[in-house]
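Both complexes shown next keep chain A, but they swap its partner, so chain B is in the first and chain C is in the second.
Entry: the complex of A and B
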């Protein structure tokens, strides 16, 4: 009744694609978060006027399609700088910057959510700026920022489906290759979609739970 | 500085073609946004209806739209529907894909907005003799749209950016598709895509600024 040409080898091929999706996502999210925290703190410390160049640059990453960012970065590295960079490296660099651009906003929002009076109290007690940041701002801002950060990380995982454009074979790309060969689009797309869903759904739920639990009202 | 000669003139010569592409991009984005808002309102009504099947439909729609890549949804519209014998043009596939995505995210935004509207308002409207539908339409809906205006603007920007995915299902009339075709003709990859990037940036800035002006005009008290 139900037969398919899908073999075990094809499953291994899909699994490799899924592994690539996860590897690219983890690298980009870690690098992007570190950069995003740095940018976010700088953005907060300098204020809207002095940080204008930074705001502008980060805004670019949020206003241009990721596909174009990837193509441009690839062309820039390959034909202009003539670096022999693999598509994987380019994909990670672009996705990290993309993550950092969004993360900086989340970090700034988190820092701004810490009441100024609390921070002044900390400084009055003799804490240095660094201590204030670590002991007061970090724990309080995390409560505000973590749910959005989970959303961002999941968004990056979903957007990593676009790195096929720099010749990285991630899950959706390997699905498409199999579709071309087996001509069974529905089944293959279902498998691929289910994979994304199984990873994304529980984490999104967890983020929603944290948001509800940690909100003040 | 670089061992590379930039050929901006060649890219600039193609600017009219790319602007035509930008018009198509805007058409897709605006259409998908309008349809997305309408669908999201319907899904919100499904959610509030209290009928189990309808709210399950709304819930499934939102969770699938939010937890899978937009590219996957566009593939689904193109290849997935195609396997049921429904072969859509690239324009329709991308439109359906993005509309599906928009509707899911907007329903979630509306859910957040509804939390800010006190239940007592609906009850007051009902006590005044309005039907459930009338109370939703005249009391809840206008406030809901107003509260979620900013998220809607964000979604509009995403819709514009998402149109670039149309190229994966063979769309070649939108800004990204046109750029890709020109790239195949001239091989000035960097120049052409940089120009496309500038156009995309300008469009998103115009949209967000325009939305801010509209909001200032519509929502002053």
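Entry: the complex of A and C
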């Protein structure tokens, strides 16, 4: 049906790019979520005034376009700090902070959704602040925050396409390289889109599965 | 023994407790009645340290609840409380709701905690609901679960804050029966309630609170049969209508 110059080797090249997208996304989402939970709990616990410096820093990561963050961070690490960091490391650090900044707000919203009376009941049973957080607040907040978090993770996966500016060859960059060589943009972009879909779909379904399971509670 | 001495407590400008004195001995059942805003619920949350007090002191077996040196988490193991809103942990089954605190706070092994939980849940009539999530229970069942959850910590004192107020009328009876059973078993209890017939039935003493003051306290026969304070008379005649 298609008269194409695309070879198996090109396909493997694209798959490698997809692999890089997956690796960068997994690292950033995991690190960003852990940091986001820490920031979110601190943000909630301190209140808007005491957490103002933290809020300010997170706002920076949320409001400056990722592309600019990547370029600036790369320059900062290399030129000013004189750290010999790979583009991959810079990409993971910036994407993790970007994820953490969004995740912190999701976590805070989730915690605020847990009724104060439920927490009071936990404390009245002799549970400490930490036990209340671990056993009651975070599990309940997770249920509230899950849909937003899935949206965030999918967004980070697609935003990770921008890490090409720090010389990381991920899925979209691989596609562009092939487009330049083969001059078959439509076919290649369709294949690239299909790759993204295949990566996203399991995550979206996993979220749906968890939501359904938890709704039985 | 719970000793409440000259306790005062304000929320902003509003003084809700204006110097409360009350001593509750081991094995005694004391009911607190009074209109809304009389401070009776606030007193209960002060007793187990969920609310700070402004002055006075509360002693539980000689330990001052609001002293800085007091380990409140430890003290609360002794004093169970059940609230108007039953506050089930919705992500845990009935059995897990009851075993959580014994396991995490008392460090009990799962098997031991479950044995106690099953006993307490059977006791309150929920022995067949162990694997159910609270969302599938009626209000009365959730409230009885909350009682079992508090009892699983083997508290020496139990505080009940209007535990039947949020229930549908037909569900009130089952919870009151559970409370009655506890009273008969010798549990030391302080109850805030609007169920006058129940208060008359189970109490050793009944206290009437009015605008942050304990206006009157005495045996139920006296409070309900021959109230001394004019506000008590007014309150009781209004509840009979």
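Going forward, the second predicted complex is superposed on the first by the 199 of 217 C-alpha atoms of A that agree within 3 Å, B and C clash if a C-alpha of one lies under 4 Å from a C-alpha of the other, contacts with A are read in each partner's own complex, and residues count from 1 in each chain.
One rule holds in what follows: contacts are C-beta pairs under 8 Å (C-beta built on N, C-alpha and C of every residue); 3 or more make two chains touch, one makes a residue touch a chain.
Please read all numbers here as calculations on a predicted model, not as lab measurements.
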item: Touching partner for A:117 - first (chain B), second (chain C), both, neither; value: second
item: Partner chain(s) touched by A:126 [first = chain B, second = chain C, both, neither]; value: second
item: First, second, both or neither for A:140, with chain B first and chain C second; value: second
item: Per-residue touch tally on chain A - higher for chain B or for chain C; value: B
item: Touching partner for A:214 - first (chain B), second (chain C), both, neither; value: second
item: First (chain B), second (chain C), both or neither touched by A:89; value: neither
item: Intersection of the chain A residues that touch chain B with those that touch chain C; value: none
item: Chain A residues touching chain B - in the complex, by the definition given at the top; value: 60, 63-69, 71-72, 75-76, 79-82, 154, 158-159, 161-162, 172, 175-176, 179, 184-186, 189, 192-193, 196-197, 200-201, 204
item: Residue ranges of chain B in contact with chain A within the complex; value: 2-4, 63-64, 66-72, 75-76, 79-80, 82-84, 157, 161-165, 167, 176, 189-190, 193-194, 196-197, 200-201, 204-205
item: Partner chain C, residues of chain A touching it in the complex; value: 115, 117-118, 120-128, 131, 135-136, 139-140, 143, 214, 216-217
item: Touching residues (chain side chain C, partner chain A) in the complex; value: 48, 50, 73-74, 76-77, 80-81, 83, 85, 87, 89-91, 100-101, 104-105, 133-135, 146, 149-150, 153
